[in-house]
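Some structures to go through are shown next.
Consider the two complexes below, in which subunit A is the common component and subunit B and subunit C are the respective partners.
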Partner chain A sequence: MRVSRWLRNEYLIYPILIGLLAVYVIFNRGLLSVFQIQSLITSSAPYLLVGLGEAVVIIAGGIDLSIGYMVSLTCVVVATTTGPLGVPLALVVGTAAGLANGILITRFRLSPLVTTLATGSFFFGVALHILPTPGGSVPGWVSNLAEENLGPIPIMAFLLILVIVMAWVTLYRVPAGRHVFAVGDNLEGARQSGIDDQRIRIATYAVAGTLAGVAGIFLAGQTSSGDPNIGTPFTLNAILVAVLGGTSLAGGVGTIGGVVAASFVLTVINDIIFLTNASSYLQYIVSGGILIGMLGVSRGLRLIRPVPAPPAKRVPGR
Partner chain B sequence: MTKLRTAGGWLAYRGVGAAYAAAIVLFLVGSLFIRGFFGWGHILAIASTAGFVGIVGIGQTFTLITGGIDLSVAYMLNFGALLVTGITLGSSHHFGLALLVVGAVAALTGLVNGVGITFLKIPPLIMTLSMNSILEGAALLYSNGTPQGASPPLLTALATGTGPLGIPWLIWFWAAVTAVVLLIFRRTVFGRWTYATGSAPRASWLSGIPVDRVVILVYMVSAVAAALAGLLLAGYSGQAYFGMGDTYQLESVAVAVIGGTSILGGKGSYLGTVAGALLLTTLTSLLEVLNVGASMESMLYGVVIIVMMMLNRQRPTS
Partner chain C sequence: MTVLSPFIRAENIEKRFGATQALRGAALDVGPGRVHALLGENGAGKSTMMKILAGHYRPDKGSLTVDGTKIQDLAHWTTQSATALGIVAVYQELSLAPHLSVAESLFLGVERGSLGFEHGLIRPRRRLEAARELLASYDLSEIDPTAVVGDLSLAIQQMVEVVKALARRPRILLLDEATSSLPDGYVRKLFDIVQRLKKAGVAVIFVSHRLDEVDQFADHASIFRDGTNAGSMDAPFDRQQLIEMMAGHVLETNQPRSAPAGDVGTPLIAVRGMVLKPGKAPIDVNIQSGEVVGVAGLEGHGQQEFLLSLFGAYRPVSAILQVHGRRIRLASPRRMIRQGVVLVPQNRKTEALHLDLSIQENASLMSLSEISTLGWVHSRQERARVSALIERLAVRKNRVDDPASSLSGGNQQKLVFAKVMLTNPDVLLLVDPMRGVDVATKAALFDIIGQMADSGKAIVLYSSDTSELVGLASRVLVFYEYHVVATLRTPNINNETLVEAAFHQGGLNNAGIALVTE
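What follows is the complex of A and B.
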């Protein structure tokens, strides 16, 4: 395989991850301890979950700017529901929120960007209504799921592997999964070859909602409480992870492996900033800069061998 | 375009008409049910409060018309406010310098946004959302987490004082800015090019319009407008604080979309955005009088945006 192929968006994330891990090891003055690896996995869990949901939506040609608020909403639901029903209820709420996004966008043909900005405001309002200030309580087993280890391996790692396998099977081994790529790559073509594009797109938003729900439950477990503001940074982070992982905003392109790698990249960067004692404010600059940097570099590399004519395809989702 | 140029053509622009009508109806409904809602003083209060989001909306109108979006306005506004209070420390002494610095930072931010979008082909959503994160980090680094100083007297007077005819200076200022923006849109080559670039980027490029430069300039206008709103908001509240721009992210997009500006580019007018700002501010004022709380406000914002989008969508577009 030629080097230039590896430097395309889809694969750029792997060398970046390896490079960052090397930097991490250098700053750490030694290999990572078991504890560090455990915390690396649990810290990247919410990024992975929201990033995967966002990636599926983007692959089908949409965008979801309400993910962070769905995380907040489900987190608050878990923390305020007494009894064993909190977790299933949060999953239902997340999925329903995602379904609402999908139905508004496809059935009413509204712009995904503005629609999810608006529904995000709605979800945030609901979260704030349920729990105006951080508080509430979370069942012990939810906290255990989020924090405990089974032997040396965090329980969360098993859950993540389960999610990844399920995503892999549905995206790559089931017709509906191929349809997600088809719809995002060429909506009209997919429609004409008999794919029910509306159902596929609604399903992608619902999946994003469900995964945001899992992330919300996880964060509630990790902090043992609910917080209506906890999800706010996850909207940018979800897009960040999806796009860093090689998902193209033009639709039709994206891999699960890239998303997983990207969620680790984000966590490793945060850990390195922490290790170097640099101002934690740098995190904002780095997480904003890395995406611009990566997309800029991959564009710059393409400029070395110019592609004729500017691309005519407009980014959908606007 | 042609429609806009005919006499009174903007009234035929139905999205704009609907937004003005909705604002007036909402105000009258409020007046019917709430004592003291109707009154010259309250109309002035609504109009001057609408000025803040209206001015941020200038940039959003420009960027949306080119088919882009600017999601870096929240922290451009916030950074502008922090810079002016930090540099002047509440005196008129360094006000000129502060204006220069804020203007330069805003112009640079817009320039970077525009260059990233045109030359590096980074989607506007990602470029500006990342820029928002970078600006947040920059603002935190600049103020070290605790905002300092106070707004200079001149800004406080402009944002809170009353001018000729008993009308607040803020309204005069907004009216003047609106006149300038309308002139730019209707009487300058740049204004025409903005529409052309948004409705048919490739055709515009082929017919010799410097599409890239238009887009870059549009993002510079947006950043400067957001910073200007930041200065006014600092003057209004007497100081700067973190998160003061957060609500303007959604609201600036909302007022433009409510006013009939298409998220797909090529269509829209600043008069519509002004209508959207008046409508949204009337709604906010109504909700504040009813004392429904922040959560209900957030929910209703979402609902209003989606309803207005559906209304605008069903109208035959010119």
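What follows is the complex of A and C.
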């Protein structure tokens, strides 16, 4: 195996994760307890869900800045709907919100950046309107799903595995999944290959919405209440997890394994910040710093990695 | 006045783009007050030479002498250094900013600020006056200097581009197909301008595909072929000799392909009354199974649009398209692919390949539905099919998981072929598939195309290098200004006939070759 392959961003996340875990364990042997591992999994869950959704959108060449507010909105929906309808309604709301993003961006040819920034503000406003301050109540079984364990394993772990397997099959074993990569890598090429690029792109935004919905339900279950502000940090963290996991912001490149590892990395970093008794605001600084750092690293890697010569421009300078 | 002669001299110029040697030992020599035409077929290296003179490209080897002084530092030869020496170029593609006004465009980069300072404030009214004067001095006062460039017709934009070059007070003016979008009236005005420049001692070098203009404008002509000088001539020009010099003589002659015997059933693909641009003559073509139909002509005369229209990726003014005898309404690439019509696009990097995806993923992208059941892709079957084909096409082996970007240009092109062949198409549309590939790959692609035709597929091949069509196509449609001007058939397809037809010189044909004019 050539070295250059391992220098690619896709694989960079694994040594980072192993290194971080090693450091963490050395300074805090308590991590090796069953409880700590359970808590690592449940804390990572929302990052994994939104990161996966964001990664799919980015692989297809888009970006979703509304994902955190979709988490807020669905969380609020679960906490304010009485009866058994809360969870399905939240999933429908999440999917519909993502679908709206996708349709606006592809059918009306709007910029993904500005469109999702605007729809995000819209979702946030709706969430605040439904539930201005944290509150509401969540059905017991939702809390159990989020909190309880089956034997030593958190129930959430099974759910995450289910999501990962479904994502893997769709991305790697279904033609549409391959089309996601193709559309993100070269939109014109995909069109000329007969791929319905609009449908693919709409679907990625819808998937991001659904996964944001799952994350919102989970967070409502974990806190046993609804909070319109709960999703706010998740937009940046979703992008962070996707990029940290090797997803190229230029589209066409990304792996599920990388996203899973990156969500653990983010959780461990947050835990370390918590354990050092540093201000919790440090989390925001660290998240932003890592994202900028990652972009710098991938730029640097591109410089040292042997890249085939760029296509000869027909008319340079014009 | 002692004149340093010649003004500009280029010697032994070499320039390479990837696998393509664009110029090999080319030379050019132009004196003051001379109008020098640079002629040759597509890809002969004319434009590359012009761009080297203008500083857009740096030559790999060779020397440039301007005003008797040799340019020592060719490694830093840029448009700025060329402009400083008074070399200004006008290209076929426009470089104007569409949202600026004519006056702003004309003086862009050479504005004089208040008090004559280079970095002083711009005085719009003064600039407007200067623009009006400048346009009037070239008999172009009908162009409104306050008009926004993007709103003007292509011809007027081209004239603005010319005047913009003149505002830079060139001593050496390069016109690279600058007349291609001009109607006769403006060609006339451009001619007057060139005459004035000539009297003022400016050297003009120009590239044009219209031989009539060459007769009018030029004192001297250099003919390029395959990146080097094929000859030169003084006015008046002998056309027949010019064409022979441009066409050259092909050494290898492929076994000529003959059209499939008899008219066999319904054509695989047929087009009726296809009008590519408003007011152009309609095109009617039937293409049978096993036929290779060539498409030729000077670059940018509608060949690409014709193939893209057959694929549904370009919307002609009107057309009736039939595949297997069935009419296709609202043609789109998706629909055409489903009918078995596939296209190898001109630019493999931007239109055909996904460079970050693996070789295997690229190859199977269009045929995933055939190797999956109920939406599940059989990865082993996929790998087997792709590997077999990749091996057959002699793309570098056993690394089907590497990204497509790791392949060389020629192998990338083979990969594009592999991709469309995996869909098992009936009709193959090839847009200049040999561009920028080396000789070995070219031969391999020739073989592939021949085999595909033998197995009963219909092939439409557009090539900017007409010699590639010789021996491969059994029929060639020659385009000129968005319609077919001639259809050549097998015994009469050779370099001379193709070049003659492409330059629309059917009338001068004295070799007794029947040109079927449509």
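In this text, the second predicted complex is superposed on the first by the 293 of 318 C-alpha atoms of A that agree within 3 Å, B and C clash if a C-alpha of one lies under 4 Å from a C-alpha of the other, contacts with A are read in each partner's own complex, and residues count from 1 in each chain.
One rule holds in what follows: a contact is a pair of C-beta atoms (placed from the backbone, for glycine too) under 8 Å apart; a residue touches a chain by one contact, two chains touch by 3 or more.
None of the values given here were measured: they were computed from a predicted structure.
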Touch check for A:Gly19: first (subunit B), second (subunit C), both, or neither? neither
If we overlay the two complexes on their shared chain A, which of subunit B and subunit C does A:Gly140 touch? Say first, second, both or neither. neither
Once chain A of both complexes is superposed, is A:Pro84 in touch with subunit B (first), subunit C (second), both, or neither? neither
Just to be sure I read the superposition right, which of the two partners does A:Gly125 touch: subunit B = first, subunit C = second, or both, or neither? first
Of the two partner chains, subunit B (first) and subunit C (second), which one does A:Gly252 touch, if any: first, second, both, or neither? second
Please indicate which partner A:Ile285 is in contact with in the superposed arrangement: first for subunit B, second for subunit C, both, or neither. first
Touch check for A:Leu295: first (subunit B), second (subunit C), both, or neither? first
Both subunit B and subunit C touch subunit A; at which residues? 311-312, 315, 317-318
Tell me, which parts of subunit B touch subunit A in their complex? 67, 69, 116, 119-127, 129-138, 140-141, 145, 201-202, 205, 250, 253-254, 257, 263-265, 293-303, 305-306, 309-310, 313
Which residues of subunit C touch subunit A once you look at their complex with the stated criterion? 17-18, 51, 56-57, 79, 91, 93, 95, 311, 313, 333-334, 336-338, 343, 345, 349-357, 361, 364-366, 368-369, 372, 375-377, 379, 405-406, 419, 436
In the complex, subunit A residues that touch subunit B: 63, 104, 108-111, 113-115, 117-129, 132, 236, 239-240, 243, 249, 279, 281-289, 291-292, 295-296, 299-300, 310-312, 314-315, 317-318
Considering only the defined contacts, which subunit A positions touch subunit C in the complex? 169, 172-176, 178-179, 181-182, 185-186, 188-196, 248, 252-253, 307-309, 311-312, 315-318
